[in-house]
Amino acid sequence: MSDATLPKMQARPAATAPRFRSATEESPAARGALIAIATGGLALLVGAPLAAVFAEALMQGWGAAVASLASRDAQSAIRLTLLITAIAVPLNAVFGIAAAWFITKFDFRGKAFLITLIDLPFSISPVVAGLCIVLLFGANSALGGWLVASGHPIVFAVPGIVLATVFVTFPFVARELIPVMIEQGRAEEEAALTLGATGWRVFRTVTLPNIRWALLYGTLLCTARAMGEFGAVAVVSGKIRGQTATMPITIEMFYNEYLSVAAFSMAALLTGFALLTLLLKTALELRHADALSATRRH
Amino acid sequence: MHIQIDEIAKEFGTTTALHPVSLSIPSGALVALLGPSGSGKTTLLRILGGLEFPTSGRVLFNSQDATGLSVQERRAGFVFQSYALFRHMTVFDNIAYGLNARPRASRPNKAEIDRRVLKLLDLIQLPQIAARYPTQLSGGQRQRVALARALAIEPRMLLLDEPFGALDAKVRKELRQGLRDIHDETGLTSIFVTHDQDEAMELADLVVVMSMGRIEQIGKPADIRARPATEFVREFIGA
Amino acid sequence: MSRAPLIQRTAMPGLGLSAGITFFMLTLVVALPIGALLWQGANFGLSNIWATINRDRVWAALWLSFRLSFLAACFNLVFGVILAWVLVRYRFPGRRIIDAAVDLPFALPTAVAGIALTALYAPNGVLGGLTDQIGWQIAYTRWGIFLALVFVGLPFVTRTVQPVIEEIETEVEEASATLGASRSHTLRHVIAPMLMPAALTGFALSLARAVGEYGSVIFIAGNIPLRTEIAPLLIVIQLEEYNYDAAGAIGLAMLAISFTMLLFINLIQIWSRKRIGHV
């Protein structure tokens, strides 16, 4: 091996070790540039719209914003959205728990296919989801015609909105619970059974405490999406003012009627809820990381 | 290549990994850094390889100061404990990696790279595995591929961190002889880290016993066995 | 050799109840509505479906939705990987806030995102006013649609790539450096291939989300037929005209696109599991 290839180095006093760069780091300039791209891009794409919502809502001051939320249409929209959420989220929580229990506590053929089916609503356009519900229950179908005739319409009524909301939020709880329950295995439940506990008791005293944070996490994401769903609800609700107009639908109505403060005030209300969701979500990730599915821990 | 370690010390924050240590390694030697975990042996090896930088002190290669050389400039063939093979590359591409990473001016042409990789596969006695991926290899095969990959860059020295640590007893015995053979064939100054005194005594020309960031004794295996310098060495060797 | 039984017998309680709820909900919420769409399509007939889709306005909308979604997903692929890298590898003030902010597009209702982006990038908006001065109109053009689709797809790549970056062993990067590779060579030839499967999964998820996106787009798009009209809007328009057959036909076309992308995601994951031994 020739030593001529050795780069010449100046002899340097042993005490003054220079600041070396680790082999697994980028240069400070590259680092700075990447951080600038990331924060700058996010500020422009996410931060600016966020600020715009509140700025537009408060364009004519707090009074106007609050007053716009007190209007009859706004109040009925808020009540309807709360109602829909209060029905759809528990339905999905029950479904999520049942599906996760079925999938993780039993061995059966076609499990992978079942999981794909549960995930399916995530890959379908909300508008197509709404369309499917209209085609099934709308007045044009045999089933829908009969429902309307018997005085229980689904489409253009609250049940349709609930159904659409459940559809678009379908996988949220299940997909948070399944990885956690797979990780935890079945041994604890089996131990409880051998000690004489009944099925319900096992679930309440053994399973539920283990999955409660993941359940809360999934429910949180489900709630945020349920309150904000637009495309599917726009299709099935018929947008009847005071009856089937949820908060997002009412935002669109106000916006199209050039009631900018009213539209953005309601948007600010939903944004406030979204921020609260993020806050709780981050808190869960920080404090209960080991109780959440692995991809949620960062 | 002759390696001189001159009063090297290393601190990580408030903890001292290495008190000032000095060591001279003659060209072509096969040296074991022997000690329990936390003795500073891996830190010393990483400083030689340019992966860590000393808080004070100097490293001299053939009497030239190499302390400030970057890891790329050192050209030390480094074999990691986990082997750190690139999982998305075939064995061939792993071994050719260092040659392909050279700037265009000094990069050998494709035929030359082919020739060198195949020669190295012969050297590690695995001529038939070029097209496989690391996940398809046994532990012993991975270790030899990592060795071949380090040799491909025509290193000035060979640094091995617990090269046999992840292997079962039988394979370990076979590969010890393999390392000895490769060392003798290439004539490279080679330094390996181990906590296994049998391994150090059987394989090395020179054994450096370390503990708590200090060098306890430097000597030929027979001398260390016959005349342990400190109580620590006596106990560690006796175990 | 006999096949495994449909379901293994076990002592675990709740089989009937959990399976019952799962299949009841799956049938009512997912299977029946999608079945209704397929049934509608079957009755309408393949030639009629083709005749509905094969019109300039429908083609233009489908092509616009897919093309802009693809471009937005490409942008998100690059930006999302940078964002994930910065969040995992660097420590800087505000990192936690940035990390939480990545999820905002998931949490913010799409209609809110739509009117907020429009207010910002319309010619009389804060940012739109700036770009207007150099003759670059964003809102009510394809740029606006692109922007909205970037927004809704933003978190996917970052969230799929982040855990993979966390799991990279530093020894692999060190090995590359000891072999003489520069940092940028290591990033391109060692890190990038390791992130590729996760990044592609995120890309496909972002693409799938964008193709079906409606709420955030319609406010900023301008919705001019043949130019800035997206496919989901066409479905809504057909439904408002009570033209269920046409709406169903376009819906089926979009469902086909969704399934193709779902298949693509699964293929990536199978491929990467084979190749690298993990997902």
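First chain written, first letter: the chains are A, B and C, and each begins at residue 1.
Please note the rule applied: contacts are C-beta pairs under 8 Å (C-beta built on N, C-alpha and C of every residue); 3 or more make two chains touch, one makes a residue touch a chain.
Given the structure is predicted, the values throughout are model-derived calculations rather than measurements.
Enquirer: Taking each chain's centre as the mean of its C-alpha atoms, give the chain farthest from subunit C.
Expert: Most distant chain from subunit C: B.
Enquirer: Looking only at C-beta pairs in contact, point me to the busier pair out of A-B and B-C.
Expert: Contact tally favours B-C.
Enquirer: Give, as an integer number of Å, the spacing between the C-alpha centres of subunit C and subunit A.
Expert: Computed from C-alpha means, the inter-chain centre distance equals 14 Å.
Enquirer: List the centre-to-centre spacing of subunit A and subunit B in whole Å, with centres computed as mean CA coordinates.
Expert: Between these chains, centre-to-centre, one finds 50 Å.
Enquirer: Determine the centre-to-centre distance between subunit B and subunit C, using the mean Cα coordinates as centres, and give it in whole Å.
Expert: Here the centre of subunit C sits 47 Å away from the centre of subunit B.
Enquirer: Which residues of subunit A are in contact with two or more other chains?
Expert: 23
Enquirer: Which positions in subunit B touch two or more other chains at once?
Expert: Correct list: 50-51, 71, 75.
Enquirer: If you look at subunit C, which of its residues touch at least two other chains?
Expert: Each of 174, 177-178 in subunit C touches at least two other chains.
Enquirer: Residues of subunit C touching subunit B in their complex?
Expert: It is residues 169, 171-172, 174-182, 185, 189-190, 193-194, 275-277 of subunit C that touch subunit B.
Enquirer: What residues of subunit B sit close enough to touch subunit A in their complex?
Expert: Touching subunit A: residues 1, 6-7, 50-51, 53-58, 61-62, 64-71, 73, 75, 154, 156, 188 of subunit B.
Enquirer: How about subunit B: which of its residues touch subunit C in the complex?
Expert: Spelled out, the residues of subunit B in touch with subunit C are 49-51, 71-72, 74-78, 80-82, 84-89, 97-98, 100-102, 133, 135, 149-150, 152-153.
Enquirer: Name, in rising order, each residue of subunit A that touches subunit B in their complex.
Expert: Within the complex, subunit A contacts subunit B at residues 1, 3, 5-12, 14-15, 17-18, 20-23.
Enquirer: Can you check the complex and tell me which residues of subunit C touch subunit A?
Expert: Touch list, subunit C to subunit A: 3-4, 6-8, 10-15, 17-22, 25-26, 28-37, 39-40, 79, 82-83, 85-88, 90, 92, 94, 96, 98-113, 115-117, 119-120, 125-127, 147, 150-151, 154, 159, 162-163, 166, 170, 173-174, 177-178, 183, 187, 208, 211-215, 219, 232, 235-236, 239, 242, 244, 247-248, 251, 254-255, 258-259, 261-262.
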